[in-house]
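Structure in structure tokens, see below.
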Amino acid sequence: KEVQLFNDKGFWSAPLQTVANAARAEGISLKISPYANAEQYKTFIQASVASGRTPELFTWWTGASLNTLTATGQLAPLGALWKEMEADGRFQPGVKDLFSVGGQPYAIPLQLSRWVVLYDKRVFARLGLKPPANWAELQTVATRIKAAGQTPFLATTQDGWRGFIWFQELLLRTDPKAYVGLNNGSVAYDSPAVRNVFKIWSDMYAKGWFSDPRSNEEINDFVRGKGVMYLFGEWAVGLLGKAGFPLQELGVFILPNAPGVQQPAIIVEGAPIVVSRKGLANPDVMKTLRFWVSNQGAQTWGKASGNYIGNNKIAAPNAIVSQVNTQLAQTRHTMFLRWWENVPSALQGEMVAEFNRFMLKPDMNTAQNVMQRMQSLNTAYWSSRKKS
Amino acid sequence: MNPLMQHDQQLLARIGLAQIKARERARQGRQFRLALRFMAPALLLVTALLLLPVLYNIWLSFTQWQLFEGRDDFAGWQNYRQLWSSPYFDEALGNTALWVLASVLFPLTAGLGLALLFRQMPGQEWFKSIIFLPRILAPTAVGVMWYYVYAPQGMLNQVLGQFSSMPVETGWLFEEQLVTPAIILTFVWQSCGLVMVLLLLGLAALPRDPLEAARMDGARPWQVFRHITLPLLAPTLLMVVILSVLAGFTVFDLLWVMGANYPQQRTLSLAVFMYFEAFQKNNWAFAAATAVVIGGVVLAVTWLQTLLQARVDRMVR
Amino acid sequence: MAEVCLRDLVKVYEQQVVVRGIHLEIPDGALVVLVGPSGCGKSTTLRMIAGLESISHGQLLIDGKLANELPPQERGVAMVFQSYALYPHMTVQENLAFSLKLAGISAAERQKRIDVAVKTLELAPYLNRRPAELSGGQRQRVAMGRAIVREPRVFLFDEPLSNLDAKLRNQMRVEIKRLQHRLKVTTVYVTHDQVEAMTLADIMVVMKDGAIVQQGSPLEVFQNPANHFVASFIGTPQMNFFHGTLQQEGEHFYFASPALRIPLDRTRFGPALTHGQHVCAGLRPEDILPHWPDEAPPAAETFAATITLSEMLGNETLLFAESASGPLIARQLPPRPVADGQTLRFAIRSANLHLFDADSGISLRADRPQSQETIAP
Amino acid sequence: MQNLSSQQAKWLALPPPASPPRWGKALCGLALALLWLLPFSYVLLAIFKSTAEYAATAPLSLPEGVSPLLENIRMAWQQGDMAQAMLNSSLYAAVGASLAVLLAAMGAYPLARMQFRHRNLWFLLLFAGTVFPFQMYLIPLFFGFQWAELLDTHLGMCLLYTAICIPFPLLVLRNYMQNLSLEIDQAARLDGASEFILFWRIILPNLRGPMSAVFLLQFTWIWNDMLFSSVLGNSPETRSIMNALLVFQGSYAQSGPNIMLTAAVLASLPTLLLFVLLRRQFMQGLRV
Amino acid sequence: MAEVCLRDLVKVYEQQVVVRGIHLEIPDGALVVLVGPSGCGKSTTLRMIAGLESISHGQLLIDGKLANELPPQERGVAMVFQSYALYPHMTVQENLAFSLKLAGISAAERQKRIDVAVKTLELAPYLNRRPAELSGGQRQRVAMGRAIVREPRVFLFDEPLSNLDAKLRNQMRVEIKRLQHRLKVTTVYVTHDQVEAMTLADIMVVMKDGAIVQQGSPLEVFQNPANHFVASFIGTPQMNFFHGTLQQEGEHFYFASPALRIPLDRTRFGPALTHGQHVCAGLRPEDILPHWPDEAPPAAETFAATITLSEMLGNETLLFAESASGPLIARQLPPRPVADGQTLRFAIRSANLHLFDADSGISLRADRPQSQETIAP
């Protein structure tokens, strides 16, 4: 019987198809059904769920979105499967938590990206720079690059969702507690911790460390050298390769903590594949899932797309991932979900628009205004939650 | 006419007006059943696939429906009250009003200008086709294309850069004052072809004699245009205005694509506001209330058009 | 009031010659009617005078001044269109005032002129109506009013009555004639209705294929048509034509055809007649006289014809009959009922006989008028 | 005759009357047309660039050659699964637009030419279907389609497009029908035509111009739609060309705008071709 | 061929009575013309016969059978419309064939009937053209052809000639008359042109305000109008009317007005005359005879009138004059040129005098026809 994997990842259609081809040898007939854009995909899933005809197998988002979806009771818990996955050491224990709600795993990873800084080794070599190991070195690197006439950091508002990237990173690096508190409503968006982040951020802008936020070709801009360091998820590596960046010249480091923050941390983005209750009862679906997390499946997927799903028994899909893996193996980092997944979905769009607004006019006046508006949205949301 | 009316009354008394009326009604009934037979397929499809969704949405706008959570408690006018108090709605409403105004004013004047320019011009058919061309393209494709015209390193800035010593890097789609005018310009580029064609057809159908009479009466070309051509064109103009108003009210794709990076995108128009509430925030009931407001206005405009058209037609018949 | 002079006027539309060199002198105050079949270039000529069409060749002189290149509004002409061309969105009052406003005439003067026109044309009850709310005749009057208020030097009319019904047409025709008599403005009037042309014209100009075939007073043209075409075009019912040959017997010439044999008056037809020449004899319906059995026989010779149809017109009867020389129409006054199929005898008034050469169509009369026409008919 | 033709020849050889400067107008038109086409230049440049070339150069720089175009087309065509999508869209647009125009004409006929009460209200009822922003129809339609098992079927898509394309032609055709002489109907009735024959053989043939114009407009509308197709008919078997383009765009917008644009050009080509061939029908049938 | 009978036909449009109880018997094969001013209900009556309008009250019998509720196509009637109503998208051939195809008539029979119509109406050269490519007269003929091929029992014509120009109208009128004579199909013909009515009708029906005012043969109606309205409506130029009073002198009655004093023939005007009664005398233009100074004085009394305008019609001259009793029009045959402003004396043919009551307008003649009309004029 054919199993359909619904998703909104049109850009991975080809690699997903490669996996499906590989699965055919195992007697699995997997069909990839991509949707054009996230909004319409969400509508499709939500409407299906609302009418009680949840698809058996589909991709989703972690964090708040997953919480809401599990609350409908139509998702199948995958505890048994995870037990298998962890039993032979393929997956590290921390991974499961990213896909769990209330301690119960409801999904397996479609991909697992760590948010790191990619950089152009050639520029670093030319200027005699090393990847920064602490906050001060980061400043030095940026200053030197700027002095050499290039822009240190690539950051844009492309597609309207990227605004939070530097915000979440700076907050995590300066005040991890506030990062957690922000997303459950206990820390305000106009609290001192947030204000501090905006201060640092706007200083960096003032020094000319960021590229033009209005570009709509971020990936290509990196190839064109519009920014030397690129803070992004690991999944960008595949795209950079396709756009013609020589991957052997690509370096990676994890953004260092600010002074006074001890615990090494890293931001992780997990894209989940979820299963409906009906899907759980369908052996074909479960067979597909097992294949996905198997070594063969993960390897095929990794090779085809450059994506990592957390399976450590196989070779990393590319040099960057393996470098990050090595670093993480050396020092234990705490994993944090992205701001995007953590924030209630009703707030995502409007909040990120505020970040974007700041990026386009990065001074403290704007910041003040942005913080106020975000906080009022925040209060409105949480107070309406409490009422009902 | 008094004797005639008297006579009529006697006549009607003799033959029985009620009976005549009853027969007339029966005839109308037959006509109506016949009419219904012709309208049935269209009615069936439209009802099933368009009117039912409309009704469903109207009902939704009075609930607290949230797609996922299945909460459909009746909420009365709460969504509408919330609409009025939402600052974004105000902004979106204001922007939509601006859009409507602009989409009537600019395509109409540009279309009229083009129509007058191309009237009786050698090779006009090709020029007309080129002006009409954008209308054939998908609005999203148009949006993407123009995105690159307006990009900081885009075509527009490059052209402007020719006239200035410094490189121009205006972010047309990123500045509050520029984004709406910029998109409106694209809208005009896209829609004035149709307006032009409609006006050309209207112009071609004008009677030639009054125009010549005005020339004989001593009117200069501009005066002929102002006093004769324009008033005679009124029925066509009215129709074009109404179509433009409706287009202005429901414009979405262009705004969505071109405004994607503009932080305040949701306030660009009511339609965008509605989309934002529904698809990004899952506020379906609230979005439905917005849609009902838009639909109400559109319907009112259509109704107004039916009323006005008859009047204007009568004026220039 | 002005004199208008057309000198060798030509109009060429992309490769098609439509007006072929017209010469015409219009004296001050005269009413000239251009008449001719549809498409003969009447309107085009008129529109060249108005300035609505460019002049391809030749000269247009108004009061002796060359007007070829003057824009319409500077020629001092006013025009009444066949469709009336009223401004549909203006009231009658506004229609009348429009040209005066454009000319910057003061409100008082404007009102005065409009008042005169309104009184002349009895338009007072309709001043606030729009053209759509007027009947055909009323619209026609407004169109005339619009021309009058301008106090032009020349009036141009392009078939102004052809959209009216018969009764109204007769009535308006008389009014136009009266008006022109009163105002004494030089007028060029175009029509394809020869009755209108006959009744209105001081000078009647018959056109064909873009050229003038004959011009003169209506009576002249009616009584002495220059050729077959004019003879057939003017007069209703149409002139009867009989084909035949000329026969010479000594000094005398006869027109000979199966049914008729008519002696010809050499003084009327000149010396150019030849024996055996193919000719066409023309007789107007009123010159063919039915001979009723109950009446005294007419002096002249008679011939037989069978009635195919009779039209009772109240004050006269038209008899359609078939003779050995072909079909004919005769006019009977006072009217008499006639049964179809009856055979009657007819006499002719040979004093009113017309003769045309069968090939060229040119009148054989000695005093035939000269035609401007350079084209074979 | 000889004399005459030489005279005519002389007249025909007359210099044309000095007409107002048409050249200025033509030049003006040419400039405008070029201005109108200017925004396309970016697209035209992009489709001639290879992916790497595109990434490395400024968007408005000239391409190095034309050869990458073929590769771009090949990539777009294969990876975008465009063959199937074109077929689907052709089906939707042809069936949807022609059915819609036909049904709209049928609906407009009594509205324009029969006497019954509340005609305007019936018209408004038929017209009211499209007053909402289209996005609002998605959820109810989704539920309905799911219930009727029409999701992801060709039939469902055809029905939907037909319905949504009825109101506009209805408006236009009603206007036209009102302007046709009523005496023709009466003549036909006397000739023994039933209402149906009257409609089919007398009214419809007289509306060829406006019908082909609204048909073409609705055809392009359906061809260009991606909203409904992307939610109600998203499987590869039923996906419309614009939806396929959007899905494809997801995969290449990040790295290969050149290929994405090539795909967009390919997707627009059929309607563009239709327009170039039938521009008269597009532009002349639509008196309002 | 059929007999058509209208019994008390009434048409009411929402509260407005448009046809007011019409009684009319149309014998088989007759040509009945309904004539009357615009808006008098002619078309409405015709359309009720055709079945295009519902009948509010009364009965329509075709060949004795009640046809009130029959659908148009079953009444066996064919109609020619004022606008011709040809199918614009069909060729002439297709226009002609349409009704036959619908009736399921075999191709051979169809072709036969079309051939006959084409021959009768000389349509052969146009068979493959569309209506837009035809001239007005040609269109008119196609419309007639379309009616003929159906071989109907009744022909209905609604002002079929009013879109043609004068010349063509005369010509087509004769053709219609000939055709009807040949086919002998019962025909109802509507027009507001009284010349058309006079020439075509077997029975002429004059209507006003939705009722029949007079019916009879054209000559009867012309010579003995039932009232002032008919007298003024029929005949062109219109009858002259003079207001005056009756004066009795012994046995004799006179009509007296400022200019005229006319002795009355008691046998013609019956016994109902009273002294002092206000009346209106009617005289047709041909019954007012100008007395030329160069001719012998007429036997009768004469009166003076000043010429205001003369219209030369070629074969006659119309004289417009102003007398002490008001304006008048006289007809002069043969034509003579007359200068405006000249004062002439006129005699009258008192044998043709009409007299109408000044208030009711009803003819005072002893043998005046009865009117159906129950309404004051």
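Each chain carries a letter (A, B, C, D and E) given by its place in the written order, and its residues are counted from 1.
Basically, contacts are C-beta pairs under 8 Å (C-beta built on N, C-alpha and C of every residue); 3 or more make two chains touch, one makes a residue touch a chain.
Quick caveat: nothing in here was measured; it's all calculated off a predicted structure.
Peer 1: Shared touching chains for chain B and chain C?
Peer 2: Touching chain B as well as chain C, we find D, E.
Peer 1: From the C-alpha centres, identify the chain that is farthest from chain E.
Peer 2: Greatest centre separation from chain E goes to chain A.
Peer 1: Looking at contacts between chains, which pair has the highest count of C-beta pairs?
Peer 2: Looking across every pairing, the one with the most contacts is B-D.
Peer 1: Counting in whole Å, what is the centre-to-centre distance of chain A and chain E, each centre being its mean C-alpha position?
Peer 2: 95
Peer 1: Just give me the whole-number Å value for how far the CA centre of chain D lies from that of chain E.
Peer 2: 56
Peer 1: What is the distance in Å between the mean C-alpha positions of chain A and chain B?
Peer 2: Averaging C-alpha atoms per chain gives centres 42 Å apart.
Peer 1: Please set out, as single numbers or ranges, the residues of chain B touching at least two other chains.
Peer 2: In chain B, 67, 151, 153, 275, 279 touch at least two other chains.
Peer 1: Among the residues of chain E, which are close enough to touch at least two other chains?
Peer 2: Nothing qualifies.
Peer 1: So which stretches of chain A touch two or more other chains?
Peer 2: 40, 43, 47
Peer 1: Go through the chains and record each pair that touches.
Peer 2: A-B, A-D, B-C, B-D, B-E, C-D, C-E, D-E
Peer 1: In their shared complex, at which residues does chain E touch chain C?
Peer 2: 38, 162, 165-167, 170, 174, 177-178, 181, 192-195, 198-199, 218-219, 222, 234-237, 284-286, 308-309, 311-315, 318, 320, 331, 333-335, 337, 340
Peer 1: In the complex formed with chain B, which residues of chain D make contact?
Peer 2: Interface residues on chain D, with respect to chain B: 22, 25-26, 28-30, 32-33, 36-43, 58-60, 103-104, 106-107, 109-111, 114-117, 120, 122-137, 139-141, 144, 159-160, 162-164, 166-167, 170, 195, 199, 220, 223-224, 226, 242, 246, 264, 267-268, 271-272, 275-276, 279-280, 282-284, 286-288.
Peer 1: Write out the stretch or stretches of chain C touching chain D in their complex.
Peer 2: 10, 12, 15, 17, 20-21, 54-57, 374-376
Peer 1: Using the touch definition up top, name the residues of chain B that touch chain A in the complex.
Peer 2: It is residues 67-70, 147, 151-153, 169, 171, 173-174, 260-261, 263-266, 275-276, 279-283 of chain B that touch chain A.
Peer 1: Please name which positions on chain D make contact with chain A in the complex.
Peer 2: Per the touch definition, chain D meets chain A at residues 51-52, 54-56, 59, 79, 138-139, 142-143, 146-147, 226-227, 230-231, 234-236, 243, 246-257.
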